[in-house]
């Protein structure tokens, strides 16, 4: 009567996934009628789970939200890191601000955007910049990567630090910044119940097992190997 | 008797002289119209016209359109059914704390949609204040159902309807209601045949506002009702998801949304509100 | 059947207090100066204002009795009202305004419109106007529509609040006869037009300052109007004095002969048209003659109303012609007289 | 003359009889009020009351509150300045395509906020339709400025104001305007002293709607103007970010938002609108 | 100074066409049946309705001339109007309603209120009502406020549309003298009250079906009312006939003696009150006597209007008393006569 998936009962599997995974997941689950993906921001997904949403698998775009789901008792399975995403220094096509490296972010004449520190791409960017001793002249702290890439692609911002996957989907130019290579964000998968039904476990294995189709799709899409 | 004004010599089509507006006001009015249209023109200009047919042909978009129409119309109906009585109570009853109650009605408007959705989960979610009883007594659970989307959309749209209609009721007064009563019209008949027709412009406006708000609603619906194709995924959600992968498609879907809104508003609203 | 009004209607800072007023069937005129409570009285009977205390009965049934907690709402009273400010329904066509009450009483649309058309014809609204909205009518046409609308549901009590104010003179005669023939058991006719009172009213109620100053037949009320305003309106003179047998000594010391015996303080009332004016001391049978000072002359059409000072303040109505002949000018000293048989004594 | 109704025997405080509402309507009205309040109660119930002082003492929250008030009030002012003339033009001028123009005014309402923000970028962004000229001629760039936030908030709030006021103007008619003209009042004086006071309930309602919408606005502001503390980060944005990190804090900030809205609406709205 | 109206006002399906009407200073009464265009005429003069063609001049200045593209808006015309439906400002106190025009003319608040108070006193609105909203007044009080409001800015032209309709009788006399003494150069008095015409009007304009049917002094218009309605209203008899010297032969074959010489087709007009009724053939000098059939008697206060058939259809006004004495009943055959000197001949 009520919810999106009633899990093991009808053999369907409900997968809650971070919205940055929308496209990949749609590819992965293409033709698999029994799997129902639901997309929203990781934090929204966790709030829904806490409020009693019925789902079988949770995939978040960072460790913090997954940790919260575990702490709230909404997720009982063991979280597993399935992919990572690297930060890149992105500019609009044609690089109108002549950005050559991370240090340029401190130029006051440039319009620079980062993610807000509250979201993973923002905390990553902060770490990377402080390690590189760059004090950026920031004009905006976007609460999600999508908003940041939109502004860069429209030329409203001259530069920003975004995930590699987002930069490539949005067709942004990237500037090589070696300081960023070590700064990555993890994607985690976990079963909602402590003892997942076999078909649920199968969906999880699809991402965790070596050489599995789900994981390969993630890598093909630009995500890094854990 | 000073300074006669030169006017177009076509009095047949002139508005009545007294209702003429100050000229600068008219300018500003048209300027405002222009400013309002500017972003929409911007959207149209960047629209991927050539890709449009293929994007709009996607079954997902059509499905989302269907969900959007169902959800927004049901939410509008709920707004009318609940909002009309509430507007009457606010405008015509002596209330104990009138100012506070009137302000409280507007609170859902100031909540950021995501918070509104969260609040709905707290109240009507499966573990919510009332939701837990709905679940255990009636087996009814609203989140992740079309009904849930309707509830979320109605929650954010209701204040618009109520506030608009209430203002009109105050402006209308009760002289005509009294006349109807002396002609044998009971409370219901007076309502249907006198009060509501008298505030028809505001009813139409309130309904249009509520519908438009429900149609564009996104944050509260997503948070409360989730995002499931064919059930809770509305056009704004489709747009949001499309933004993640293909911004052009998002613009295209927004165009659909606007076209639908325009069509509905043009055909329906002016039917209730002949000049 | 009677409408019995015995109670109080309270407004902020103003009260209408009516004690035991019985309004019988037929046409009752309610008169009084502006702001004396005529409309308030009508509203209370119609159920638009509540009694603060007391009791209102319509045709034997209690309609309002706050002490007993009874209040019959307006729409169940079969009391229709023509409002002073008309209150036509702006969103309905003229014909549907009139059909409104019939529809509420259960008539179907075609039947109600047919009947409404008959009534509109009777009040003299041309059929070209029927499909228009009230805003597209002239003022007098609107007032006719308001009358037709109130007549349509055949109410038990019809309250008409200055229904002829902006109706033209020929329409007035027509509508007067319509109101006189109204099938409504009671017509409460609030009016400022003496002609309405003279031609229509079987009974007159005079209101003054939120209370009933006088009531009765037109003749009775003219004889005893109860307040200065009504006296003027009805053309009556009211002179206080002290009676002894068939003569009354006024406060000014004048001794008047009257046809009735009485004793103690009384009012001598006589209509203004009963007073005759003369240049010289009148001969003949009229013993009630005195010298008066002419204060003011109001010409009103063919009639002149002469205000006299002197031992008694009295109004006299004469034709304009005789006013001209007597060359009446303020300041003139003139003889006034009336016949003892024209006088009513009120104790 | 049938079935007298028993009523409370206290006529002094009774409303006028004719304005009594059908009883079931009153019930539904109060039910609607309850439903509207339910999620807010849910929010209050889950509020981290003990942690509240520390969360609200954070300077960021206070700064966001300041930005929110500035942006929402400035946007409301813009809505009045632009919206009043537009409402007058729509209600009183003969327009060429009245239905379409009236529907177009409502379009910003149906756009999902993110799309609205994107549309604003297309139009007024640095590379936008008009924005590029603003930039190269005047050196004015709206994105990432407080002014930009105001523009975005005004864009989404304007239709609410316009639609409400327009309906009231139609309901009011022009009889009183005519009377004012014969007493020597020109177009402006008539506007100020007659027309606007006559539609005061709707003006107050429209202003409150616009302000509440601007205060709660989030998607369009974020997309068009970004998010920088002290400049463009409003309370809704603060709430949204808090949701990422500490949902309890988000609830707490929403409470601030509601409290501010309640305070402003209670003190201001009823000052313009005495019963 | 004159208001010159020569043009056409078009409504959907209805037109007012006025050709060369000059309205001089003083009080001009505009009369006519309901819906004949009186209000429309006033609105056009006030600048609330536009001429479709023609030309309107006020005090020598063109106020409306569509062909020349000139239109002086209402607020620049110094033309105030008392509306038939009052149109008081509901959001303003009574005193501020009256002060409105003064404030627009530049007076400060205190000064305007002071002057407004003076006016309100003059129209008889008690100072207790000044701080109230119009909704808290009685109908007659509201009408007084509307009159005061229009008088306040001392307009050049004052248009009053049935200003006394719901004012009580004593107030009427008071307001009439106020309007008669109005400092406004022109008072255009739209009315259905014959008393207004008789007591106030220096000139009368009769409208019929959207056109001027007659104009002139009260006597001239009574002599030549131009339409059936006005004839009735003014109490005039209009008899068509053929003149030869000082006698006129009516269509019914009756020969009437008149005091003027004329020839060819004429109208013989004489007021209803000039006709005398007799049980028997009248003796004496009145040669214009004939036997008539009594058709109908309308009692109107102290006056009875008797409608006669026979060789000529004529109305006779007699006192109610003589109507009673003559025992006038429909169907009765009775003698009627009038004196040749009472007649006006219109060719």
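So that you can tell them apart, the chains are marked A, B, C, D and E in the order they are listed, and the count of residues begins at 1 in each.
Throughout what follows, contacts are C-beta pairs under 8 Å (C-beta built on N, C-alpha and C of every residue); 3 or more make two chains touch, one makes a residue touch a chain.
Keep in mind that this is a model prediction, so the values were computed, not measured.
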Common contacts of chain B and chain E?
-> C, D
Please name the chain that ends up farthest from chain C once chain centres are defined by their CA atoms averaged.
-> A
Between chain A and chain D, what is the gap in Å from one C-alpha centre to the other?
-> 35
Please compute the C-alpha centroid of chain B, do the same for chain C, then give the distance between them in whole Å.
-> 54
For chain A and chain E, let me know how many angstrom lie between their CA-based centres, rounded off.
-> 87
Round to the nearest whole Å and give the separation of the Cα centres of chain C and chain E.
-> 24
Spell out, as numbers or ranges, the residues of chain B touching 2 or more other chains.
-> 16-18, 20, 114, 118, 121-122, 128, 178, 181, 186-187, 190, 198, 240, 243, 247
Return the residues of chain E touching two or more other chains; collapse runs of consecutive numbers into ranges.
-> 47-48, 73-74, 76, 78, 85
Overlap residues in chain A, where contacts from two or more other chains coincide | 44, 47, 150
As the complex stands, chain B meets chain A at residues 114, 118, 121-122, 125-128, 131, 135, 139-141, 143-145, 222-223, 226-228, 231, 240-241, 243-245, 247
So, in the complex, the side of chain D touching chain B is made of residues 13, 15-22, 25-33, 35-43, 45-46, 81-90, 92-94, 98-116, 118-124, 128-130, 155, 158-160, 162-164, 166-168, 170-172, 174, 177-178, 181, 186-188, 190-191, 198-199, 201-202, 204-206, 208-209, 212-213, 215-216, 218-219, 236, 239-240, 243, 247, 250-251, 254, 257-258, 261-262, 265-266, 269-270, 273, 275
Of all residues in chain A, those that touch chain D in their complex | 41, 43-44, 47, 64-65, 111, 113, 116, 118-119, 138-143, 147, 150-151, 154-156
Contacts from chain A onto chain B in the complex sit at residues 1-4, 19-20, 22-23, 36, 38-40, 44, 47-48, 50-54, 146, 150, 153, 169-170
Which residues of chain E touch chain D in the complex?
-> 46-48, 73-76, 78-81, 83, 85, 87-92, 100-101, 103-105, 149-150, 152-153
